[in-house]
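Each chain gets a letter, A, B, C and D, in the order it is written, and its residues are counted from 1.
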Amino acid sequence: MGIVLGPNRYGKAETRLVRVHRDGDTHGLVDFNVSISLSGDLTATHLTGDNTGVLPTDTMKNTVYAFAREHGAGEPESFALLLARHFVETQPQVRTAEVSIESFAWDRLGPHSFRKRGDHVRTTRVSVTGETAQVVSGVTGLVLLNSTDSEFHGFVEDGYTTLKPTTERILATAVDARWRHAGDDTDWAASFAGSLEALIAAFAGTYSYSLQQTLYAMGARLLEERAEVAEVRLALPNKHHYLADLSAFGLDNPNEVFIAGDRPYGLIEGTVTRDDAPAATAEWWL
Amino acid sequence: MGIVLGPNRYGKAETRLVRVHRDGDTHGLVDFNVSISLSGDLTATHLTGDNTGVLPTDTMKNTVYAFAREHGAGEPESFALLLARHFVETQPQVRTAEVSIESFAWDRLGPHSFRKRGDHVRTTRVSVTGETAQVVSGVTGLVLLNSTDSEFHGFVEDGYTTLKPTTERILATAVDARWRHAGDDTDWAASFAGSLEALIAAFAGTYSYSLQQTLYAMGARLLEERAEVAEVRLALPNKHHYLADLSAFGLDNPNEVFIAGDRPYGLIEGTVTRDDAPAATAEWWL
Amino acid sequence: MGIVLGPNRYGKAETRLVRVHRDGDTHGLVDFNVSISLSGDLTATHLTGDNTGVLPTDTMKNTVYAFAREHGAGEPESFALLLARHFVETQPQVRTAEVSIESFAWDRLGPHSFRKRGDHVRTTRVSVTGETAQVVSGVTGLVLLNSTDSEFHGFVEDGYTTLKPTTERILATAVDARWRHAGDDTDWAASFAGSLEALIAAFAGTYSYSLQQTLYAMGARLLEERAEVAEVRLALPNKHHYLADLSAFGLDNPNEVFIAGDRPYGLIEGTVTRDDAPAATAEWWL
Amino acid sequence: MGIVLGPNRYGKAETRLVRVHRDGDTHGLVDFNVSISLSGDLTATHLTGDNTGVLPTDTMKNTVYAFAREHGAGEPESFALLLARHFVETQPQVRTAEVSIESFAWDRLGPHSFRKRGDHVRTTRVSVTGETAQVVSGVTGLVLLNSTDSEFHGFVEDGYTTLKPTTERILATAVDARWRHAGDDTDWAASFAGSLEALIAAFAGTYSYSLQQTLYAMGARLLEERAEVAEVRLALPNKHHYLADLSAFGLDNPNEVFIAGDRPYGLIEGTVTRDDAPAATAEWWL
């Protein structure tokens, strides 16, 4: 029996980049949170502290800022691929580079004035080796609610079940979704915009008998509308809204007054894929 | 020398209310976080645990939900006044009732589908006694940025000063603002919308030599445009964006690539008022 | 009618200082989060952006680090007084300096190894003018729980009351306390340790009929044991633990199984003071 | 080409349980945050909203509270196994049950008084099928710091490297560790206590040339001391402490005054395992 090093990686997390693009008086604004992770032959530093193969995480941070100057920063998928390929191509000891970007949207107020949106965060994670490049796009923190058209009944009942079936409830969730692209080259802006729209339209348009049904509808709609996407994963917390019981005060409550709960919450997780989807080349959404 | 009870109050904090207003197939959605605080003669419960004068905080919570059914929930200022007056009028031992509401905005997706906005939280705090009613409205978490038209120079330099004067920087802040109304009856929806617009317009439109100057411009603009408002308080964190030094890589940086900092941050706090503003009847923004 | 500037201040918030004190091989560790706020004649910068009287907030940050080297960093009250006096004495335009420090405790693991405690944050806030120096110490995030010896009954009941009286409940809170010192010179370490101990002992030792009663007991005990303290303020959220109703499963629940609630929560706020306490020279706990 | 359902699961997250164990006047306190996730044949609810195979998440919550009454709640691993086995054994459509528990420690103040510790959270995650039971224990939020005995040099330098080699720095991290047990039956309390002690001792006792070296030492020490553990995973953020440059003020800084940084941070992730470790039966730490 011996103790050995298993899988490992390292990098710089949460490098905060704001890039102003100046086109005369009209400015563009890009706001990224960039995390980089490299793996390869890193045994020496783990076993003896020999850093011969270790590019400092400080250098990764510098590279983010330098690349933003040299290449600009447009779509997060493109910027992430640029960074990841740089590390794989220039560092022989690096086998895989993963770059994740959170992208924050700003609404324009004027030629050089902006207001931050807070309704969702756009995410991307690329995994690049010498031979492969996998791109995953996503969204997190997108909160959606239907005030009707949601039922829940016909479920299993055991000795610990007290929930009553209902034909009318609020359905609300904070969408956490990631979708894996079949390739590494598409119109990322259009792809993201279309994917977001598909998710929202499916949520709003589905008469729902379970949040699972809504999850599947969201994933399927995205795949139907975006040919470049191979697979979708969703994690949907069921943000419970409990109907307030007002009977003690002589009041009815025809689905009008709700208690918004914090914890606990249901959590529905699922994958929607194509039966001919190319296999993933890297683990994703980890 | 004796030990005595000083000022005190109690209440229920963060009651989460979601109110659906049904007008046929088209639904409206109101999303509030309500906090209530009562004060008056509460000596007995502090000194001996005699609760004769204590309305349970659980009852305050119940009242929020019952009132939402009985009276609906529209503008947060109106709902807060309704609640506060109820406690002062029905509980003889209560001298002052304070009700604070955080209000979360949702964009409409369809007749009964909604998407939560996250760009700001609307706040209100009312303080009601038998004779007075003070209404404070506000906004928090509104993040604004100008990518130019901001300078900072001519400041004091002492032995610990290393900051270089600049004629070009990013100016960004997360607006935390509260404004006290002169009366307790106005068109709250129009007042809030107009106030928010005034703050944003002043931020975007001010060529700034200091964040203090921008703060004053924001408060003054709000007072100019909203006659119903007596006084404005602002707390503006200076969300620093540091110009990345890329010279080690042979690159210049003509105000394009910035490091968005977390801590520390400047914090500018100030009041803008009318010289004939009526006095406040309660402490505010505490 | 004119629009005018009201009260204002500015400074640097959340400068994160870690100070190692080396005594041979044995090291000491001080971990502070320092916020500084200055006020005085700041009209020019607000009205015209003339920064003649503005010491940059960047300089305040530098001063924190320089003073930590020059003077060391021991008790937070002393370090805050040192900084505040420096700004009032060296900046003629500054009338008042406020310095707040959050202090994080670490347990020793070895001569130069440490483990962060997370059970509370020690706070201080000093307000210094040319003539006065007010010191407020405090604690936040101290979570205490009694699993019995708490009752709640005899309260007001109105038409919205459904709470049942109880002679047995869990009482739990996250203590947020601040205490104002009569002077500006004491053994700060002993004072803090004794105050914390008094608060904890009073919570644990009070058979409680209301959280207000416990609050008063905590404040009174602190004043009884610490002659240097003039006044205590406490904000105690009532962290509700609801007895789980297991009757649907044929189970009783003799005060054993509880649902720990998040929101809403009761919030009890109060002051305990001496009838001969010297008046405060600055607003506190704002 | 068809769109199909891929892997999925669902459950109730963050059920907050507080369990008082009464042994006469002396009480014990257990504080858990329980999350449950089930998978199996859930196709119908996704495709058509047919909930025939769906045990409500509300029932999972009820089961947590009922089991706490029926069986008590002791070590989190045991309680998680009890719950997971219940769902697999009683629900024929459930193939796998995963139960995660966050456990919060309290220090005793008296026979029925407690003070919450905040220095770490103990975690467990069990994955149970009809044939297998995998138990992972862990700790998160454990913050450790060495004020010396840390160097970093000999690293790769490329065109974006500006970091200077150092033979003296602070090494600090917030330990996030999980360890997989070889079996499903051990003395969980002793195992956790011993594992925690091993991690801390290895951190404090390792003269470090890289955080990777410290990571490996921590994992190896845990495996050396705990025969029941098969594999350890660690994620160690490098909580950077930057030496303050005080030269502009005529001051040196012999490793005494540090700026504690927030973002970005290094992130070192790695696995330490036994070369004869039994294979994992479920994905873990996801």
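One rule holds for everything that comes next: a contact is a pair of C-beta atoms (placed from the backbone, for glycine too) under 8 Å apart; a residue touches a chain by one contact, two chains touch by 3 or more.
Note that the structure is predicted; figures quoted are calculated from it, not measured.
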Starting from the Cα centroid of chain A, hunt down the chain whose centroid lies farthest away. C
Interface residue overlap between copies chain A and chain D, same or different (over half shared): same
Between A-C and A-B, name the chain pair that shares the greater number of C-beta pairs in contact. A-B
Provide the C-alpha centroid distance between chain A and chain C, rounded to the nearest whole angstrom. 38
Between the Cα centroids of chain A and chain D the separation in whole angstrom comes to 22
Please work out the Cα centroid separation of chain A and chain B, and write it as a whole number of Å. 31
Send over the residues of chain C in touch with two or more other chains. 16, 62, 66, 160, 162, 248-249, 262-263
In the complex, chain C touches chain B at residues 1-16, 35, 37, 42, 45-59, 61-63, 66, 90-91, 93, 151-158, 160-163, 208-210, 212-213, 215-216, 219-220, 223-224, 231, 233, 237-238, 263-276, 286
Using the touch definition from the top, list the residues of chain B that touch chain A in their complex. 16-22, 27, 29, 31, 62, 65-66, 68-70, 106-107, 109-110, 112-120, 141-149, 170, 200, 203-205, 241, 244, 246, 248-249, 251-262
Residue ranges of chain D in contact with chain B within the complex: 159-160, 162, 248-249, 262-263
